[in-house]
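Below: a set of structures, written as structure tokens.
Okay, so chain A shows up in both of these, paired with chain B first and chain C after.
Coming up: the complex of A and B.
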């Protein structure tokens, strides 16, 4: 299976590991991520304002390119996933936004939210299957207590993201089980790390990160996993080490070099 | 257009749906850092009391984590109201909250590009 793939700005730079291990693991699991030729940065945050069009166009271009290739669009960074999936929802449901975006872009074929957007974790769960992953694991992370960190971007808004139950998610827990480790289920796994407020107010972001990591530590985590470079940056100076989930996947599949 | 109308139009939120249960503020992870809390944003916009919100640092403290929006039993989405008030401020001439000249102060070896693109989208036009 070949998917159109939107890596995003950070995966080309500070979060290369997140991207590299995802591609290697994909090949080991029998699917290919084909990077869109001319993707542009998603902007990092979904523009909530009803009257913002320009800030949504990079997502629409990526979505329309995937449609032209006749493929689903796979994302990996939590922020890119959140932005692109929400913009896709706008293009399908908000007549004003869809009309204005199409009027501007003048695509060969009007785009109306036809592309299916999948997060890499959803490909693992819904296409490959966690049982298949379990069979392909050669280095199980047996006994390792790993805390999944969802943060806010993967799960909310629930009506649009539809990845999992936002109050009691299990996709990352099931992933952790599939690679042979033990998931740590802790209360703050779906609460914000402080996000971009880090730039505005470092202390505030640190408080949020410390609360999240403290919660994971209280429940016995030895390691945390995330899909988001900004979460990684915010969390990594606390008391529990943090890795990208794709690194652990590559390690378990024996394709990490 | 008056400010109330502007906020309602930008946000697309129907503030009249609020039943004042306070769940949004109860669940807000950044409650302690805010002078005005999510439920107050909704109420003050409903009553047209916009100036204090526009002048408060609270508009820069919202994490846009959508906890308030997803957990609201009435589907009010307070995060969109906070965003609209912030935009009503920063869209004005000279009101960019984050400037490129501030970047070197926060820059370090590991900081992801995502942090900057997100912050500029939120705090600047």
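Coming up: the complex of A and C.
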């Protein structure tokens, strides 16, 4: 199985681990991520403005390219996934945005939200299956207490993302079980890490990330996993080590270096 | 020769404001057959009706067309007027130029033109009207009440009091409903069981009342005054006639870990159980999902200890068919499931509970014998947070758009009682609005705030996070102080929205009674006929019609009983003469009409026909039972040969109307 793949800017520099281990694990699990040619930054934050399309165009280009290849589009970074999936939803449901974006882009074929956008975790759960992963694990992380960290963007808004219940999710918990470890379920796993506030107000952001990590530690976490480079940036200086979920997957599958 | 009178109503400015009524009367006066066309301010008034009566008599009218409001409003009024003046009431036609014209148009010219067309349509129809005579049908003097909660109980008691027989069908093993689970009742704080159980006993002892407990209505046929219901008496594996309710079996049964639904799963019961001490009927029931004897054929302890010999593992479901004149839906409610509200951590912490669970925790017959203890560790909670409107007034699609009406009052009750019994407890209530209309209700709420020191905070809780040490971190906003609050709570109580019981939908389908988008039964008129369903002979009692507290439920239940008594007191009912009939010369017996008839009014018989060549042929033809037919017209549309027709709405009349519109 081959998927069109949108890595996003951060995965090309600061978050190389998220990308590298995802590709290696994919091969081990029998699917390929084929990077879109000429992809551009997703924009970083989903633009809520209804009367402005410029910030949505790069996502539309990526979506249209995947459609031209006739493939589903896979993403990894929580922020890219959120932006691309929400823009895709706009193209399918908001006539005004779709019309103006198409008029501007003048694509060979009009784009109306036809591409299916999948997060890498969804591929693991819905296509590969966590049971299959369990069978392919060679180095199970037995006994390791791992806290999944969703952050705010991965699952919200629920109606658009349609991935899991944002208030009591289980996709990462099931993933952690599949690689042989024990998930730590703590209440702040879907709370904000501080996000971009870090740039302007370090203290506020630190309070948020300290609360998240503190909650995970209280429930006995030895390690945290995330799918988001920004969350990683905010959480990495706290008391519990944080890794990308793909790194642990590669480790369990025996393909890490 | 037709002599038709046209009467155009102004309805004050309701019609005259948008429709030029003079122009309408003038235009319709020129239609063929019309001998008089007048307008008047209020046709339905005494003076307006006199105008119609005088015209009928003086001008010898054969047909009357009233251009006014919807026929649902005043068709009966004007038919009576016509009958009083000596013509057949079915020679009256209504052109609805209010709801279907003046109220929905802004432009006077368009509205006037449409009103003329609608009037012309009614004239076209009335020229083809024929006088119709109503028939009569008898009334079975027995009522069926579906649901044995406080609503069903009160309705049944009132009907029985008037001397009519009543059957209560209750799906659980005892009557009493939700009120049996409630501890105290607002605003007087009397104990719910103390005021309810005497009524339950009254039901059991009343000669006129027959209780089918652990039973469900399977199907209903017939029509007002003449319903037949099939009732399924579910096997309870105990002979109700022999069981004395001693309870020995419920103590000896070895299956100890069955979640006790009476206490909302907060403790366990045995596989054979009596829900609570005051159950009516006080008869044990075996839960077939858990009984080892029924599942594996091993055990039999209850049969051994039963001195009355009441246990019967071979008992089967039993069916009873009974006839009724009236049916009451009293199917009640349930709190919604909280799966869409995981931010409150209901599924993640035992110490986040619903208000109904809180009732059980404070009830002497509950799992903690009335001690308010945390479900997780059995400790006394020192900080309690109540969250109102969980799923109520929610337009996000997760919950219910309506106000559940009872939560503000029961939360005030819970908060007050907690502070009264445990003054060392801090109590917070988060609300969107506090709604306490009702006799002595606002006084009650103010007592909670002013005398009992409950912290009422306007704002909603955003998240409840269970901490590793067992505390619940409540994050909320105080909208008046404009600040974020973080409260360390020991117990969080969610006032879950209420919704109609799931069984209501299938009951509605059986009764052909309509429901709204929230699955509450629709009343015949929201203001003027609040306890009747639009389906004749079907009445509504309690929360199945809309959220209500106990006093309101009881009031409505009695109002419902009054309507039932009014029906059962009649010996005969006048039937609607606008029913279907089949032209047997055209009918080819294809059964298309029978298949679409929702009332089972159509049967077939073999009839002899003389053929053109003087031979005799036997053909199968449709027959309509006019007493059962409700005149819906489905068969007239389905009939491929045009044999089915409806009195008062014949195919010819409808076509004439269409022609008049298209002219």
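The rule we apply is simple: the second predicted complex is superposed on the first by the 257 of 257 C-alpha atoms of A that agree within 3 Å, B and C clash if a C-alpha of one lies under 4 Å from a C-alpha of the other, contacts with A are read in each partner's own complex, and residues count from 1 in each chain.
Methods note: a contact is a pair of C-beta atoms (placed from the backbone, for glycine too) under 8 Å apart; a residue touches a chain by one contact, two chains touch by 3 or more.
Predicted model only: the values in this text are computed from it and were never measured.
**Student:** In the superposed arrangement, does A:22 touch chain B (first), chain C (second), both or neither?
**Tutor:** neither
**Student:** Should A:74 be classified as contacting the first partner (chain B), the second (chain C), both, or neither?
**Tutor:** neither
**Student:** Taking the superposition as given, does A:165 touch the first partner, chain B, the second, chain C, both, or neither?
**Tutor:** Only chain C; A:165 stays clear of chain B.
**Student:** Does the superposition put A:123 against chain B (first), chain C (second), both, or neither?
**Tutor:** neither
**Student:** In the superposed arrangement, which partner chain does A:232 touch: chain B (first), chain C (second), both, or neither?
**Tutor:** first
**Student:** Starting from the residues of chain A touching chain B, keep only those that also touch chain C in the other complex, and list them.
**Tutor:** 191
**Student:** For chain A, which residues are in contact with chain C within the complex?
**Tutor:** Checking each residue of chain A against chain C gives 159, 165, 167-168, 185-188, 191, 215, 218-220.
**Student:** Write out the stretch or stretches of chain B touching chain A in their complex.
**Tutor:** Chain B reaches chain A through residues 9-12, 29-30, 33, 60-61, 63-67, 69-70, 79-80, 83-84, 87, 97-98, 106, 110-119, 121-123.
**Student:** Would you tell me which residues of chain C are touching chain A in their complex?
**Tutor:** The touching residues are 341-343, 345, 347-348, 397, 463-469, 473.
**Student:** Help me check something: in the complex, which residues belonging to chain A touch chain B?
**Tutor:** Residue list for chain A touching chain B: 8-10, 13-15, 41, 43-45, 47-51, 55, 77, 79, 151-152, 156-158, 166, 191-192, 194-202, 204, 208, 211, 228-230, 232-233, 236.
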